[in-house]
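In order of appearance the chains are A, B, C, D, E and F, and numbering begins at 1 in each one.
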Amino acid sequence: MKELEHIVNLLAEEGSYASLFHRCTRGEPLPSVPDLKEIVKLCRSVIFPGYFGVSTTDSASLRYHIGVSVERLYALLTSQIHAGLSFNCDCRDTSHPEAARDMARQFIERLPQLRAALADDVRAIFDGDPAAENIAEVISCYPSVRAVSSYRIAHALLEMGVPLIPRAISELAHGETGVDIHPGATIGSRFAIDHGTGVVIGATCIIGNNVKIYQGVTLGARSFPLDDATGLPVKGIPRHPIIGDNVIIYSNATILGRVTIGDGATVGANVWLTHDVAPGATIYK
Amino acid sequence: MKELEHIVNLLAEEGSYASLFHRCTRGEPLPSVPDLKEIVKLCRSVIFPGYFGVSTTDSASLRYHIGVSVERLYALLTSQIHAGLSFNCDCRDTSHPEAARDMARQFIERLPQLRAALADDVRAIFDGDPAAENIAEVISCYPSVRAVSSYRIAHALLEMGVPLIPRAISELAHGETGVDIHPGATIGSRFAIDHGTGVVIGATCIIGNNVKIYQGVTLGARSFPLDDATGLPVKGIPRHPIIGDNVIIYSNATILGRVTIGDGATVGANVWLTHDVAPGATIYK
Amino acid sequence: MKELEHIVNLLAEEGSYASLFHRCTRGEPLPSVPDLKEIVKLCRSVIFPGYFGVSTTDSASLRYHIGVSVERLYALLTSQIHAGLSFNCDCRDTSHPEAARDMARQFIERLPQLRAALADDVRAIFDGDPAAENIAEVISCYPSVRAVSSYRIAHALLEMGVPLIPRAISELAHGETGVDIHPGATIGSRFAIDHGTGVVIGATCIIGNNVKIYQGVTLGARSFPLDDATGLPVKGIPRHPIIGDNVIIYSNATILGRVTIGDGATVGANVWLTHDVAPGATIYK
Amino acid sequence: MKELEHIVNLLAEEGSYASLFHRCTRGEPLPSVPDLKEIVKLCRSVIFPGYFGVSTTDSASLRYHIGVSVERLYALLTSQIHAGLSFNCDCRDTSHPEAARDMARQFIERLPQLRAALADDVRAIFDGDPAAENIAEVISCYPSVRAVSSYRIAHALLEMGVPLIPRAISELAHGETGVDIHPGATIGSRFAIDHGTGVVIGATCIIGNNVKIYQGVTLGARSFPLDDATGLPVKGIPRHPIIGDNVIIYSNATILGRVTIGDGATVGANVWLTHDVAPGATIYK
Amino acid sequence: MKELEHIVNLLAEEGSYASLFHRCTRGEPLPSVPDLKEIVKLCRSVIFPGYFGVSTTDSASLRYHIGVSVERLYALLTSQIHAGLSFNCDCRDTSHPEAARDMARQFIERLPQLRAALADDVRAIFDGDPAAENIAEVISCYPSVRAVSSYRIAHALLEMGVPLIPRAISELAHGETGVDIHPGATIGSRFAIDHGTGVVIGATCIIGNNVKIYQGVTLGARSFPLDDATGLPVKGIPRHPIIGDNVIIYSNATILGRVTIGDGATVGANVWLTHDVAPGATIYK
Amino acid sequence: MKELEHIVNLLAEEGSYASLFHRCTRGEPLPSVPDLKEIVKLCRSVIFPGYFGVSTTDSASLRYHIGVSVERLYALLTSQIHAGLSFNCDCRDTSHPEAARDMARQFIERLPQLRAALADDVRAIFDGDPAAENIAEVISCYPSVRAVSSYRIAHALLEMGVPLIPRAISELAHGETGVDIHPGATIGSRFAIDHGTGVVIGATCIIGNNVKIYQGVTLGARSFPLDDATGLPVKGIPRHPIIGDNVIIYSNATILGRVTIGDGATVGANVWLTHDVAPGATIYK
């Protein structure tokens, strides 16, 4: 090991990692992948009792399991939201612990709505897929249930203003399912993704109700206005598609830019689209 | 936590989860992701000795390892097949434990054939890929070996009539490799997938011998006949392509519907196909 | 279990696994997926302090963490390089342990350069993505940071002549991110992949500086010259694209064969390309 | 390994292990040390909330934790009692699962009494030890709390007629604390052991209320009547001391045989006693 | 489970656990057995490099390991001292986190002295035991090294005024070794315990230098003055023996009360002593 | 952490740990407590099939389990014997790996004898204890089975000349059971310990057949001849008792020095003995 001491010294020189180092200043919690995975698992287990971890023999004991899961979720979420609030903040804002606890509470109060929304998504997947044999198969096997549940969790956190954590949750689902939905996207009810691998849904997408998307579909940006001063893309501008209600988009289709796909339209596989589509239209080329 | 008790109560109300709850009635085993992962790992370790877990110094002790693995596989498979048989069944059919044990035994009796089939698949991958340096690299590194071994396992279970478990196994491989092969598909010998991410092979596909497929290829359904009564897709109708022997399909090609790709045909990258292709033809657009 | 003894006997017959069995001859270490995962994690933790495992309160203690990580990395790398050197070698070459230790040392001496290269990659991703809010988000959430760091690690090992291990590392990253970069590819500085799922970069690709690639892009081979004697593809021939500096390639584009994409060119989404592209050109069809 | 195959054969010959082998006949559960440890931990956590695992912020959520713990305890106990009932039984008695479930339920119904009894034991330890600073220290640190709680659990199971499991639980506590209380002993309320290592309390001991015992005390048997036929000790005969109320026995004292130590007596350290002691007497030699 | 709901309700009634429940009020850390075990392990690993976890190839890398261990120890100790300060305190004293950090720092600053003291203890054991073959055997195998190192750690914490935690550490060592040394005892240099099981050393003992004690020795209290008001023992009074320098006490000897054993005295096995012993005396009966 | 850097520096100064540091010189394996625990567990599982880990449904599969266990045992033992041979050896003796492998093989060849000896021990315990209900209870619950099996394992290794490892194994059993049997002791067949806590059997003890010992019994040394030169005890001299056949020694008896207890003698509880005892005698005082 003596022979490698000079490399340790090089790697430990502050100049060599200055642009990369994350320094924690006052003992705040750090974003933690295991904790985020457990948060997602707890949410799924509470939302889909009997499938993701809360399995039990009767409804009497289900209440105990939900109670314990919610308490654990409360603690982990408070800590991870605190971590998100502090991660890029030098200001030593002492309101973070209180704010984090408050946001965690608000998120948990939305769990019944999340359950209702995901029940609709599951139903839509089952209704639209001739290969799905029953609801149980959809909930326990379909990656889109995991992708969409993580999206709805991350989106709810982003709406409350939690930094970093929503993106981290969506990337965990991306790694798990190959489906990359930015938590900033707005997605209506009864949303179905089939197969899913390679789907990308950008941060400013707006998607209506009853939309179905197949594997490899990109709802992306076309080009980014550059900032005059820096020459870099301007952040935060609406740049992804608006998808109407009842739209179907087949596999590997690519739709780029702030275009509008009208209600009831169908977009064929491998199509490349950078313009609006009228309601009810079918685009195969 | 007091402040969240009303949410626990809401979430534990039977009405709010009725459509989602999986209730186990009589202490049957539950489908278990860790157990299914172990089943797949045990199969792979027995089929490819020296690569996936059964590693040993000589052929004398290999027999002991295979014996222990087979015994464990027998127990886990019996339990998971039992879980599959019971998962959507209210009838309290008392024949399940016996039937599960019987099916597990039949499956294990097919392991020598599965090994022979996968040895052919491995050879085909090696023969067709200029980047593969030796068989060891193919077995230990190529995701298609994992995807196709899980498919052949899941297909064998589906053929015996095991519910739910085959789909769960194929989705585990989907998450692991990005390759989504429905266990209902029929696939011939010497099947090679290269790179693999984004490949989708539908439930009623029929694929010949010596076929090679690249990443992003979809063998999907075009449209589904709707049931007059429910307005939903009719389940179980043949709706995916038939691929002949010696066919090559390049990356991101999409072939939809009950079309036939003739023996020896070649389908180019990014092609979108919804009609038959003659034997020996080459389709680039 | 008695009823399955004949199957154990069949599976343990040497003839039945001869083409598949990996036999270790003299107690050399075996390639180990958990060890390789730890190697990648240690490299990332040393390169990006504060993000992947080495998290600490101040720069004083950072040195200790880096020292411990480097020592552990040295031991694991030596063992895994030894495993790679021995895996396909019957020659009982007694120089392997020494050679492995030497290569591990050389690799660790390149860590400062790897850190500098990856810092540039991270900066390039941040500069080019309007959705990226800060460097911390890029390092901790973006799968391309994981894919490209694993590529740069695997490429460095391949350059030293380590067999098998580089491919195993790149397939781990493929499974983690859906991005499949062959360690043989040559990639310049400030390399950015966005979203990433389904990207394939072949073994003989040469990619310039400041290149950006989106999800589903294939830089592949078109056809392989067959060996006259065996009828199988000739191994090792340059067969993948050369990409110039400052090129952008949009989602699901497929570029096949030893073609050259000139500096500053743009390739649109879903394009299928098998010919050269002039510098500065834009190809949308 | 080849060189050891003959030893494996020797060790696997039925004759060589016939007297030692435990054969499970019909898939019944086996006694499991990890499961028994978890059973004891669950009992302690329910009895002493906030100390052994059920730690929580308020009494609202305590109910959820107790509910989940009791459900888990019910399942584990049922399985381990079933294992105990089957372990030495060739009769294939099909009533075991039902009986086990019934006994587990009865045991759980006794938990409130067990809590009350252990609260008295804790209080007695605190009252009698000048080194104990508060109740919290006694519950969380004193080995006698662990020894006596395991005894009271094991004794309750033995009273219901559960075979093997009570002894296994008492030996786990013996290993944990150095205190060996046979579950067959009868022990009154407010029982205190100080330090505890080396204490042995035999199977037919009867101990009154408010007794205090120090480390190394043996309450053992003196000699065993031998069976005429076998020449071995007759099993099941009362052969251990009867200890009255309010007795104190100091360290390393040994009391052997079916003698009676009267109420309020004191037995000094290192004393060896094989005769009755009058109420209120003090024995120092 | 329905049939056990009434028991859950009984067990969750506040009245039934009021005297036992530990309620945490404001999110302070709890005393944690795993954390305390890790604290002891870290101390031992830093004090005895190469034996308890910090094992390394050379003295260059030893510094890194010690640095990482000390940082981890600092964090865990701060948290556990905080837990100890808060455990029995309703006053919501906001100075606890600061005080805990300060005490943890002071403790770490004493590690070099602890190492020197323990090196002397190890030497004394080796010098006095004809069965000890070398220092390595003593450090790695002898339970007295574990018992005495835990005592010296716990005693240092008690001296700083840390509540509860020192007792918890000494009871962990008691469970591990059968040796029960109260952290309040005062013990000189070169302290040797042989075999150790059953040794008890009370809270107000004072032991000189170069003392050797065998298994089963009790240095205990004789009787406790009772408080007039409560009838319970008065806490905190000196009540255990004073042992001079160079004393040997053989196995199972019991010495009770505030007696003084003079320098150089020898106490034989199984002796029961409640009076002073002159310097140099030998007591065999 | 900055505030503790000076302590890290002090602790890392070579002078401060010189007498304590274990330096590994050439990458030899280190003695490992987890590996030694697994070695003991493997031995017990092979010797007592169905009790300690090898549990299986029939004798057909038992052979596979024993084969796998023996292979694992071979590898671990080779490595730990190598560690023992190297631990106190500066000579860089290159014969260690070969010698270790040879000794491990010899040990495994003695497993059938060890099984036979332990079967006799188990039988003797059962025959002599009125509380033992069946052989299964003795094997699975009695700590003496664990203590004596570890002794017989450690003794066999010591006889072959393995350094350090036998003592480490006996101290693990000491911690597990409170029974401290030095591996150097010689113990005949049908050896029974009851309860066991506090038993100490010294390195040069010789114990006959059919001996029974109770808790707290010491078979120790009386005084050690001192070396003229060093003033320290001379190592290796016979100094512990010789116990004849059919002897019973009751709880807490202490027998010191090279005395002989004649065949068939009985030693009462708490007796202190430093002289010979005639065959058949009974000593109660």
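To be clear about the criterion, a residue touches a chain if its C-beta (ideal position, glycine included) is under 8 Å from a C-beta of that chain, and two chains touch if they have at least 3 such contacts.
Keep in mind the model is a prediction, meaning the values are calculated, not measured.
Least step count on the touch graph, subunit C to subunit E: 1. Each chain gets a centre from the mean of its Cα atoms; the one farthest from the centre of subunit D is C. Comparing the chain pairs B-F and B-D, the larger number of C-beta pairs in contact belongs to B-F.
When chain centres are set by their Cα atoms, the one at the greatest distance from subunit F is A.
For the pair subunit D and subunit E, the distance between mean C-alpha positions equals 27 Å.
Distance between subunit A and subunit E, defined via averaged C-alpha coordinates, is recorded as 51 Å.
Chain contacts: subunit F has residues 1, 8, 56-58, 61, 63-64, 66-67, 71, 178, 197-198, 216, 252, 270 touching two or more partner chains. Here, these are the chain pairs in contact: A-B, A-C, A-D, A-E, B-C, B-D, B-F, C-E, C-F, D-E, D-F, E-F.
Against subunit F, the residues of subunit C that register as touching in their complex are 1-2, 5, 8, 56-58, 60-61, 64. By the touch criterion given at the top, residues 56-57, 61, 63-68, 71 of subunit D touch subunit A in their complex. Residues 46-51, 55-59, 62-63, 66-67, 70-71, 74, 105, 108-109, 111-112, 115-116, 119, 122-123, 127-137, 139-143, 176-178, 195, 197-198, 214-216, 250-252, 268-270, 284 of subunit F are the ones that touch subunit D when the two sit in their complex.
Contacts from subunit B toward subunit A in the complex involve residues 1, 3-4, 7-12, 14, 16-17, 19-24, 27, 30-31, 87-88, 163-164, 167-168, 171, 174-175, 178, 180, 182, 184, 197-198, 200, 202-203, 216, 218, 220-221, 224, 232-237, 239, 252, 254, 256, 270-272.
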